[in-house]
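There are two complexes below, and they share subunit A, which is joined by subunit B in the first and by subunit C in the second.
Let's look at the complex of A and B:
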């Protein structure tokens, strides 16, 4: 009899244990998300698509979609208050991580191409039409204005900006917006070239641009100070992003804070990138992520990149109408205005080299590329001002 | 350097002008937000009794402790009721409220005052800072308030409107310890849904602002670039090098090279006077860190 009772309790224990396992709690949606995470990891390792971000995101998707007994209140899920993942996720929800990443970006970015040829700044402004084009499309697809703003910011091609903005405007779309933004940033070498060929003639692609002048140290120091004052006075709601971007750049250019600049562009940005990527990935729990809205977000996100690329290219062609022959710009640098630093500028370079093996466009494309970062932060500030 | 200083002075003057000098009074950090003088069927205290009450609003974006400040209904006696320090409940979260009962029973706890309000006359209520001298906020409730009626501000913490008028009034809704204005939805979003359903207006406005912001940057750096170029030319001119000659003359590089070669040969005295043809071959240095192979090494995704 005692043996029987022991066997029964053992069986009960095993049954209880089974109810806590991932196998018992698994739903088809979990398996789909795990598959998506594995595809991310595979593509990143084999094709090197934005590896620094997509590996943490891909692995985060796996972690976030391990099924467990939510009713048991184990405090392990990312959405369970007080869990480790939830605490790390606060950096995304409260918007701490993106400004820290901007600090690192500022500390690693050389703005001299922009300072030497300031008209390239305007290309960075034109490419922001991708954000607002996507905003209009999202409204037409039935999203509310705040949701449309969160989706539109994908067109800024700037992950931290997209996360910062969507965490404020539409937190329920944060996962889809972040995954979409980073995925398309990784895919700019696939998305942009067809449109760059479509909107430029062979003659335009062969335009050689004048080498930029050498920029003095004083100008480099003035840039972050004046950049902050002029943009943040206009759009104070973009202050967390703009402030940190220009602060990081001043650390780099001042010449007296080398250690701080190295920390900002090294260990700090690496740490925050790991936390940001991992928690954004983990936030894509099947129950909150696998919805029709997410698919719509992905579709609009792709369109926003296309719109931004096209408006950047067309704006360069428009500018060329007013420029003398020796000052004309190669329209192939127009795509770089969408931000996605530095991949978009590298695409300008590789496409330029394809048509003229000695025409190096990288230094010119870096101008609109970094202007795109400023432009998208300003655009995010405007969206927050209007919609938050 | 003088030019840069001048530029900075102009810029600061411009910013100062743009920032304007508003004369509208500012809304205080603590606002006596809503007051009930006659409480017959309204909010009860934790003892289950009804008394007049005073709601104070934290009008800032940070948690603040109201402990140590003074509440009074007598301007000649500003330290009438000292709000006890060290009570965790006196910490008021950003844009939240705290409520005191004017029941003349301070021994009941932190939130029970040692004075009451009288509906037959005008009631002045003041909140003083820790020094007992600085008046943080005051409100005057008119005489004759009806039972269960409150006097305060329609929008929490908004004491003055854009013209600087005090907006205190008898309120339509009684809302002890909660927002006077109940926001059911984001008003900005609602406005856009009603007036800009297709998003065109917001798009045009936003693109104008983005362009404006970056055009301002463009003009500034165009100007500072020109100044920097002029300064570097001056510095080169001062140094008296060949570059200095080049920067101040319109002679081509080839002509300057020929003159330099002639001077060199004359100084070294290596040749007699001969009739020769001087051929100058330009040496192009195409290398730059921007066109190194390393920059193009990343393969495009297949």
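Let's look at the complex of A and C:
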């Protein structure tokens, strides 16, 4: 009799244990998301697409989609208040991580190309049409205005800005927006070149730009201070991102805070990138991510990249109408206005070299590229100002 | 027929793009002013500086 009771108790315990396992709680959606995570990791390792972000995101997708007994209140899920993942995720939800990443970006960015040829900054403005174009398309597809704003910001081709904006405007779309933004940034070498060829003539692609002038250290130091003041007075809602960007840049350029600059562009940005990528990946739980809305977000995100690329290219052609022959700009640098630093600028360079092996465009393309970072953060500030 | 939401979206987009261009244009002018006020001058190499002023060791 006692043996029978022991066996029954053991059987009950085993049944309870089984009900807690991932095998018992697995739904087809979990498996689909785990498969997506594995594809991310595979593509990142084999193709080296944005590895620093897509590996944490891919692994986060795996962690976030391990099925478990949610009713048991184990406090392990990212959406369960008080769980470790939930606490780390607060950096995304509350918008702490993106400004810290901007601090690091500022500490590693050289604005010389922009200061040397300031009209390039306007290309960084023109490429932001992608954001507002996507915003209007999203509205037409039935999204609410705040959701449309969060989706539109994908066109800024800037992960931290996209996360910061969507965490404020539409937190429920954050996973889809972030994954979409980072995926398309990784796919910039695939998305942009066809449109760069389509909108430029062979003659335009061969334009050689004048070498940029030398920029003094004083200019480099004053640039972030001016940038901060301009941002603070014109677009205060862009301050968390742009304030930190310019702060990081001052740490780099001042010449007296080398240790702080190295920390900001090294250990700090690496740590925050790990936390940001991992928690964003983990936030894509099947129940919240596998929806028709997510597919729509991906489709609009792709369109926003295309619009931004095309308007950047066309704007350079427009500028060229007013420039003398020796000051003309090569339209192949127009794509770099969408941000996606530095991949977009590298594409300008590689496409330019394809048509003239001695025409190096990288330095020129870095101007609109860093202007794109500023432009997308200003656009985020404007969207937050109107829709938050 | 444009819906009020679409009309508002167009307005936000127009104001947004105008705002970005305005921001960038002011930035552009500030950089031009910076170049005018503080043009690049060749900075003296460190050795020249020490030749002129003497090193700390020499001073001591």
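The criterion applied here is as follows: the second predicted complex is superposed on the first by the 388 of 388 C-alpha atoms of A that agree within 3 Å, B and C clash if a C-alpha of one lies under 4 Å from a C-alpha of the other, contacts with A are read in each partner's own complex, and residues count from 1 in each chain.
Basically, a contact is a pair of C-beta atoms (placed from the backbone, for glycine too) under 8 Å apart; a residue touches a chain by one contact, two chains touch by 3 or more.
Predicted model, so just to flag it, every value in this text is computed and none were measured.
In this superposed model built on subunit A, subunit B and subunit C take up the same space, so to speak, and clash.
When the two structures are aligned on the shared chain, A:49 is found in touch with subunit B, with no touch to subunit C. Once chain A of one complex is fitted onto chain A of the other, the partner contacts of A:277 are absent, as it touches neither subunit B nor subunit C. In the superposition on chain A, contact is made by A:217 with subunit C only, not with subunit B. Of the two partner chains, neither subunit B nor subunit C is touched by A:243.
In the superposition on chain A, no contact is made by A:106 with either subunit B or subunit C. Partner contacting the larger number of subunit A residues, of subunit B and subunit C: B. Of the two partner chains placed around the shared chain by superposition, subunit B and subunit C are both touched by A:115. In the overlay built on the shared chain, the residue A:145 is in contact with subunit B and with subunit C. Residue contacts after overlaying the shared chain place A:77 against neither subunit B nor subunit C. After superposition on chain A, the stretch of subunit B whose C-alpha atoms clash with subunit C is 218-226, while the remaining options among 218-226, 236-244 or 254-262 stay clear. Shared contact residues on subunit A (touching subunit B in one structure, subunit C in the other): 114-115, 118-119, 121-122, 124-125, 128-129, 131-133, 135-136, 139-140, 145, 148, 213, 215-216, 218-219, 222-223, 226-227, 230-231, 234-235, 371, 374-375, 378-379, 382-383, 386-387. Interface residues of subunit A, counted against subunit C in their complex, comprise 114-115, 118-119, 121-122, 124-125, 128-129, 131-133, 135-136, 139-140, 145, 148, 213-219, 222-223, 226-227, 230-231, 234-235, 371, 374-375, 378-379, 382-383, 386-387. Residue ranges of subunit A in contact with subunit B, taken from their complex: 47-49, 114-116, 118-119, 121-122, 124-126, 128-129, 131-133, 135-136, 139-140, 144-146, 148, 186-187, 189-190, 211, 213, 215-216, 218-219, 222-223, 226-227, 229-231, 233-235, 346-347, 349-350, 353, 358, 360, 362-363, 371, 374-375, 378-379, 382-383, 386-388. Residue ranges on subunit B touching subunit A, taken from their complex, read 4, 11, 15, 18, 186, 188-189, 192-193, 196-200, 202-203, 205-207, 209-222, 224-225, 228-229, 231-232, 286, 288, 290-291, 295-296, 298-302.
Residues of subunit C touching subunit A in their complex: 5-6, 8-10, 12-13, 15-17, 19-28, 30-32, 34-35, 38-41, 43.
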